[in-house]
Amino acid sequence: MRKIGAIIAALMLAAACGTSGQSAAPSQPVAASAKAASVTITYLTHWPPQQVELLNKYIAKFEQANPGIQVQVRAVPFGSLLSTLRAQAGSPSGPTITGIYDLWLPELVKDGIAAKAPTAQAQDIENNWPANLVSGAVTVDGSVYGYPNEIDLYMLNYNKKLFADAGINSPPTTWDELTKDAQALTKRDGSGKITQQGFGLINSWDSGVVHPWLSMVLSDGGQLLNGTTPQLTSQAAVETTTLYDQLIHQLKVTDPAMGTSNANTTGPFLDNFTNQKTAMIVMANWWESALQSAMGANFANVGTAPIPVGPHGSAAHSVSYAWLTIVNAHASSEQQAAAWKFLQWLDDPGSGDTAGAAGMGDLLMTMGILPSRNSDVQTFQSKLDTPFLKSYVDGLSSAAPFPIVLGGAELTVAIQKAIESVEFGQATPGAAMQSAQSQAQQIIGQYYK
Amino acid sequence: MQLLWSGVFLVPGVGLIAVFVVVPILLTAWISLHQWSMYTPLTQMQFVGLANYQEVLSDPTFQQALLNTFIYSGVSIVLTVPLAVFFGIFLYRPAIRGRTALRMVLFSTYMVPTVAVAIVWGYLYSPLYGPFNEILSFLGLPSQPWLGSTSEAMVSLIILNLWQTLGYYTVLVLAGLTQIPQDYYDASAIDGAGLLGQTRYVTLPLLRRTLTFVVIIAGINTLQVFDPVYVLTQGGPVNSTNVLTYDIYQTAFQFGRAGAASAMAVLLLIVLAIVVPALLHVARED
Amino acid sequence: MHRRKRSATREFVATQRRARFSRLTLVVGQYILLTVASFVALFPLLWMVASSLKTPAELQVLPPVWLPAHPNLDAFGTVFSVIPYGQAFLNSFVIAAGDTVAIVLTSIMAGFVFAKYQFRGRDLLFYAVLATMFVPTIVTLVPLFHVIQAMDLVDSYPGVMLPQLANAFGIFLMRQFIRGVPDELLDAARVDGASEWTVLWRIISPLLVPAVATLVLFAFVYQWNSFLWPLTILQSQDKFTVVLAMSRLLSYTSSIQFQNVVMAGAVISILPNTILFLFLQRFFIAGLAQTGIKG
């Protein structure tokens, strides 16, 4: 027994030495050692290969202007990003720069992974990005931790052709209109099986489920958290869930089996909408490129509109969330300095191909993603003024950021499961929200006493 | 002298296993008594005693995952083993040509990386673009949601597993069959036993050890199913395909609760430590 | 038996005819079974190959197209241009082949001791080793990452390979086989002055060909296909294995029209295992049988 204890102690010691940054300058691959006094930094992202290619083009431009700094991109699928970060961020050989979902930031700050932005960069961020975004997405306890890049929010996406076929002129603005239109837009075969879905709900993907739901809650006058207290049994939350229940089980205008998505956020949910078998969904702006490539000419049929307002809401509000790039606090000081330099360059007007645009802005625009820097929003104004994106841009000012709290990822999954249990007829809306509330309290309670 | 050579020969194999399997198990058990986010060094863990176990055991998601894992494993074994015996006997009999070809075809599915299998089957199950629903509608049957429904998702994953592993287990059975001396069959043939009789009274009893081995291997493999769940369903819809390994992975890597995840891992080990010796015990009773 | 011998001739002829008829049905039935089983086993693989040859337009049509009208290999080119699939292939090969060689060597050595040497606690140690065969990857994943990190081997070949250089299954397989080698053979060599090292590598090893072929096949396939551990330990794209690269390919397929690219990646990923199997398959049922599984 004592022997085992000794082995554990030895190993823990070894592990601790490995992680605490003793070997501060990690042995980097051959590329770095070839050039003396050069520093190699790595950039972890979930972007698809086309965007990585573009990023590499900007990196080449940066490296030319800044000899001695090499930037290597490490790309993983969206589904593996957080687990990769979790496994690797604590080590000095982990990624120097990571593009993260803002919800993960509080934990990365708490555990000392995210480095505070140096004064120059913090000022750059505060001066050039919308104030509500800086405070809502990249600031923890008064300090700025990274460059915001993409910003996403949700709108009603609807198929104009199917609307016209059903004799409906305009998208629904209230829940009453929504249920009425969905009924008119639903077609069934002889057995009662839905062949054309009035309103589509996504399942099997956590934030994909929770964000549209929360947008409906917000548009019914509700919220997710009051401070750190979950509001899942509130009137708006229960009403929204009840609406889902009605659409599926009473009105039968939604079929959960048509809403499945896989780890890569594709699958029947996307397929049914792009094949014009789903008339309406609530979805984010970033998937414009997926719609375009899958729908071809039919993409012109897609219209976007504000979230329909619930019986107790006064206006349409979407959830918004942001992605940001952070720098690993475990990296060496040379690496950290080089990383901030690179990020500032990449987010600075002039690094992009479009005149006056930041490289990051150009990159995001290729994916149909809204850039967040004030100057980029200006630069791309005409490009953003498309039938698809316009309502998203207009909705930015009334959007509410998804609260960034510790335990956010787990909270999202708990709510997802509660919503899905209603969708698949396993729980009543009231009971599902009740159990989600108690789970949410427990999850949040782990971190906020 | 032998002791010295024992050392020389054992150290590489057994030493590696000790360092890279046994020590990590002990560390897992140690971590299970702590609260730890994985971003911080191991030394900064916070001791919480058995709190993780208490929490995990009362967590309905974990209970569901445990149940799902047993269902996946149990149904897979119940379907796979008899089919493997059937095909094993079929392929062992020298009656017809083409057996070698079928043996290779069956085994070829085992060559495909599970991630690739999951990707391919994801498309096969696709309600709109997939061929399965096309076949059903050709046969006049209603199309199915497959992975998109709480009642069919698990079945779909089991079918995938059955397809992928049947050839492998068939080959194990075949190997066992070659161990049965031909004399036994000759003797039973003289007694007038037909194929069924031979199978019942000669083959199956003598295959007992092989079958135990197959059941254990199938048990271990299915109890740690991960890849298809990760690629295709993420445990959904509504936990219907959430299995232990995926739950542990999500708890550790998505939620950052490495302590709770380690407690689950230890519980999984305990389950295995009960099930495997029990099976071996049953097999040894002759 | 006696009664049958005494039965009337007519009845005997009828029985014979029935037997011939039922033998015929049996043969036909077997061929039907053979065909159906082959089709079921091959169908997903055929679908995979067919999809990899389709054009993006064909992948988007509803109802789905079964066979490509104009099979083309474009997707196979795309795979190599969107991610370094060739590099991934090389990585997988180095990792799987290196692991396999090491597993064979460590397994023969340890198997020899457990089969032929006597010392106190031998069987206990053997069962302890055997028990590790039942430990799921997930149980050791997190601490193992930290062990490798403590050795500063994250994101490297050695890091991903080191924990895989020995395994209980290999030791078990070799021990079972070497037990079947007659002691007289070893003693004769020892009398001739051979060292234990010589006995193992010169006398025993040549007899192990079917067992080694079996182990090589299983070890290589296992390593080539493994996902969870490489996913955890490898970071940069130029170190990715084929399976990791394939999961990365999924990011490319935000739409059904890129299905051909993913399928092309899947088709390529199967080739090494298949080639190895074709080379080794004549050994490996015999190998399994003689070593395996009789307890």
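The first chain written gets the first letter, and so on, giving A, B and C; residue counts start at 1 in each chain.
Going forward, a residue touches a chain if its C-beta (ideal position, glycine included) is under 8 Å from a C-beta of that chain, and two chains touch if they have at least 3 such contacts.
Given the structure is predicted, the values throughout are model-derived calculations rather than measurements.
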item: Two chains sharing the most contacts, counting C-beta pairs only; value: B-C
item: Chain at the geometric heart of the assembly (C-alpha centres); value: B
item: Far-end chain from subunit B, centres as C-alpha averages; value: A
item: Distance between chain centroids, defined by C-alpha means - subunit A, subunit B (Å); value: 35
item: For subunit B paired with subunit C, centre-to-centre distance based on mean C-alpha positions, whole Å; value: 15
item: Distance from the mean Cα position of subunit C to that of subunit A, given in whole angstrom; value: 39
item: Overlap residues in subunit C, where contacts from two or more other chains coincide; value: 62, 146-147, 247, 250, 256
item: Multi-partner residues of subunit A (at least 2 other chains); value: 11, 15, 19, 83, 87, 263, 271, 275
item: For subunit B, residues that touch 2 or more chains besides their own; value: 23, 27, 38, 42, 128-129, 231, 249, 252
item: For the subunit C and subunit B complex, residues of the former touching the latter; value: 1, 26-27, 30-31, 33-34, 37-38, 40-42, 44-45, 47-48, 51, 59, 62-64, 66, 105-107, 109-110, 112-113, 117-119, 125, 129, 132-144, 146-147, 162-163, 165-168, 170-171, 196-197, 200, 221, 224-225, 227-228, 242-243, 246-247, 250, 256, 259, 262-263, 265-266, 269-270, 273-274, 277, 281, 284-286, 288-289, 292-295
item: Contacting residues of subunit B [partner subunit A, same complex]; value: 23, 26-27, 30, 37-43, 61, 122, 126-129, 142, 145, 147-150, 230-234, 236-239, 249-250, 252-257
item: Parts of subunit A lying in touch with subunit C, wherever the complex brings them together; value: 11, 14-15, 17-19, 23, 26-27, 42, 44, 46-50, 72-78, 80, 83-84, 87-88, 91, 93-95, 263-266, 270-271, 274-275, 287, 289-290, 293-294, 296
item: Subunit C - residues contacting subunit A, complex; value: 60, 62, 82-83, 145-147, 149-152, 154-155, 231-233, 235-237, 247-248, 250-257
item: Residues of subunit B defined as touching subunit C within the complex; value: 1-3, 5-6, 8-10, 12-17, 19-25, 27-28, 31, 38, 42, 87, 90, 95-96, 98-99, 101-102, 104-117, 119-121, 123-124, 128-131, 134, 163, 166-167, 171-172, 174-176, 178-179, 192, 209-210, 213-214, 216, 220, 223-224, 226-227, 231, 244-245, 248-249, 252, 258, 261-262, 265-266, 268-269, 272, 276
